[in-house]
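Note that the chains are named A, B and C in the order they appear, and that numbering of residues resets to 1 at the start of each chain.
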Amino acid sequence: MDLKRRIVLAAALAAAALPLAAQEKFIIVASTTSTEQSGLFGYLLPIFEKETGIKVRVVALGTGQALDLGRRGDADVVFVHDPAAERKFLDEGAGVNYKQVMYNDFVIIGPKSDPARIAGGKDVLAALKKIESAKAPFVSRADKSGTHAAELRYWKAAGVDIDSQKGPWYKETGSGMGPALNTASSMNAYILADRGTWLAFNNRGDLAILVEGDQKLFNQYGIMLVNPAKHPHVKKDLGNAFINWVVSPAGQKAISDYKVGGEQLFFPNYKAG
Amino acid sequence: MGKEPVRAPTSILPLRLHDVSFVAGERPIVDRISLVLDAGPRTVILGPNGAGKSVLMRLCHGLLAPTSGRIEWASRERPGERRRQAMVFQRPVMLRRSAIANVEYALGLAGILAVERTRQARDALGSVGLGHLAERSARVLSGGEQQRLALARAWALRPEVLFLDEPTASLDPGASAEVERIVEAIHAAGTKIVMCTHNLGQARRLGDEILFLHQGRLAERAPVDRFFDQPASPEAKAFIKGELPWT
Amino acid sequence: METILHALRDASRLVAAFDPKLVEIVALSLEVSLTAVVLATALALPLGAAIGVSKFRGRQTVIVVLNASMGLPPVVVGLLVYLLLSRAGPLGEMGLLFTPTAMVIAQTVLILPIIAALTRQAVEDAWREYREQLRSLGAGGWSAALTLVWDIRFSLLTAVLAGLGRAAAEVGAVMIVGGNIDGVTRVMTTAIALETSKGDLALALGLGVILVTLVLVLNAAAYALKEAAQRRYG
């Protein structure tokens, strides 16, 4: 086949690969791995799409990365779980229409053999102190995610200066929740995880939930529209439609309806005003 | 094939070389050669290995550029125009196509139109005795058959000059004889033959005049009989005495 | 061992059922990688051939750089293309990020050097054999190069397949520029990465088996084609 024909064929194939979504209504939501991997989006989004005809394309990263995506204007909506970072995002003027949507909780996962003796405890700070003194293996996501930010807050509140006190027992993987759980499973290590991802996680090895229920372990999720004043191309109407639906009675009910193995993972807590 | 006139209105012959040298590295492979080649006699370039025969032919044919000196054809070939010289190499190079397609390819380059191409290609194959192998894949033919095909391809172009670089060096005696017959026929049809060989018997059989090269210099030029019976230069004498075999 | 057996079982179940999600993922993988190969070949073949037959100053440097680019880490290519296509970047206006087109672009960039470098090598080797004869017949510049490329087309197929293999197997580039969006930019490799991170190793391995099988089949077909051509043309 001569050169010219090859080029035309290539161009035709390239054109065919272009997304037909030019005609489709869609928004890009930058969110965290916990919301996707727990299966919440798989349940929630089809309901929203059926009601409004708007397709939601989720790019699942960590909280830090998701917010950076929003800052660059590469997403229309951000949906993350780190109130401090969300506040900062808002204050920078990077986001508008901020709503607190739901919470789930963190748990401390660990090996059934429990070298640090924390099983059954109800105090996350005490548990972490014990892990540090025992120098028991602990996996940290270390990826600027909401979970990672929470983990660092807990160390600080427990009086542990993790930066100077960490040692070979503290494994920083720089990864999402799933891969970090994989690592913890293969090393029989402790790890802070969100309940949702844990329930959907299949490679548990010898791990189990050891500490849960502490009020401090509650993990708040917030949603925001990327500021259209900064990024005019942002799909403001479609994005707001999603935000408003998520905090609407229908949306909040859908969130509480989502269960894994009979257990509810996320608890809607939007309060107007 | 009958005798067809091959002299174009403006012939490219005679070819003049003025003080031509080709240097690669330290030693000159061709060292200040001046000569004139004209239509008519079959010219055989003779000499020991490393004498510069192949390089000299490639310089004449335009595959190499001289390091110094001038090479002048009587009329210039312009790029894109039909070539009026052709060359057959020691090892034939065929495209991955049928035998006839290879000849048609060369005719295509010469600007011959499609229908004519096939007819002329068939004629060319027939004249070298390869008509029955026209559709066979060229590269699966035997060495001798491929060399005959190369000759057919060159001949189909009706060149004024045909260069041959040791055309039978890789062939067995039977195939070599075939090739020599074809070269004779091409000469009879009017093409100027310039051939290099290190085979004395072949030189005597096929040549009308001998250009004897030694270490890049033109040591002697003489009609074939005089060269072999009464070589003038000491180098030629030594060469004729020392070279074997004679067939 | 158990995981591997589970994986094979999962894989065969998925394939037998023509699971629609699976079909969608495989179809997208093929579409993206094949498109990238076609585009890359259209650019890389002439480039490699041109370098293979020409002499110019700095040729050695160009060849070294080209060969080195074969080893470009996919994740780095992904990052570079992401920066280009991001709204904050020069081509942001086109809104291509997180679409299959972005993935095609990234993979094209990734495999172009591979196809070009392998083409260059094959063409250069063949040129040594063909050069004098083609010039003697009067084939100049482009004409000779094209004739040569067509003549060695089956060897070049190997180069193209090497590019296809690289494209189909990489995850770094398509993950970053595609975003692994369910139903939109999820391909086999990113799906495997996702399932692995969810701890669903059997499913991930199952997908992996399907991917490897596909690539094997493609390579086997090309090998058979080459052998047949070798026998026919010599």
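Definition applied: a contact is a pair of C-beta atoms (placed from the backbone, for glycine too) under 8 Å apart; a residue touches a chain by one contact, two chains touch by 3 or more.
Here the structure is a predicted model, which means the values were calculated and not measured.
Engineer: What chain is the most remote from chain C, judged by the mean position of CA atoms in each chain?
Structural biologist: Of all the other chains, the one whose centre lies farthest from chain C is B.
Engineer: What chain is most central when centres are computed from CA atoms?
Structural biologist: Answer for the innermost chain: C.
Engineer: Going by the contact definition above, tell me which chain pair has the most C-beta pairs touching.
Structural biologist: Contact tally peaks for the chain pair A-C.
Engineer: Starting from the mean Cα coordinates of chain B and chain C, work out the distance between those two points in Å.
Structural biologist: 46
Engineer: Quick check: how many Å separate the C-alpha centres of chain A and chain B?
Structural biologist: 78
Engineer: I'd like to verify one number: the distance from the centre of chain A to the centre of chain C, where each centre is the average of its C-alpha atoms, in whole angstrom.
Structural biologist: 33
Engineer: Using the touch rule from the top, collect the residues of chain B that touch chain C in their complex.
Structural biologist: 58, 61-63, 79-80, 82-83, 86-87, 89, 92-93, 95-97, 105-106, 109-110, 137-140, 153, 157
Engineer: Considering the complex alone, what residue numbers of chain A touch chain C?
Structural biologist: Within the complex, chain A contacts chain C at residues 2-3, 6-7, 9-10, 13-14, 16-19, 21, 28, 33, 37, 41-42, 57-60, 72-74, 175-179, 181-182, 185, 197, 200-204, 231, 233.
Engineer: Which residues, counting only chain C, touch chain B once they are in their complex?
Structural biologist: Residues in contact with chain B: 129-130, 132-133, 135-140, 143, 147, 151, 229, 232-234.
Engineer: Could you pull out which chain C residues touch chain A in their complex?
Structural biologist: Residues 31-32, 34-35, 38-39, 41-42, 45-46, 86-88, 92, 95, 97-101, 104, 146, 179-182, 184, 194, 196-201 of chain C touch chain A in their complex.
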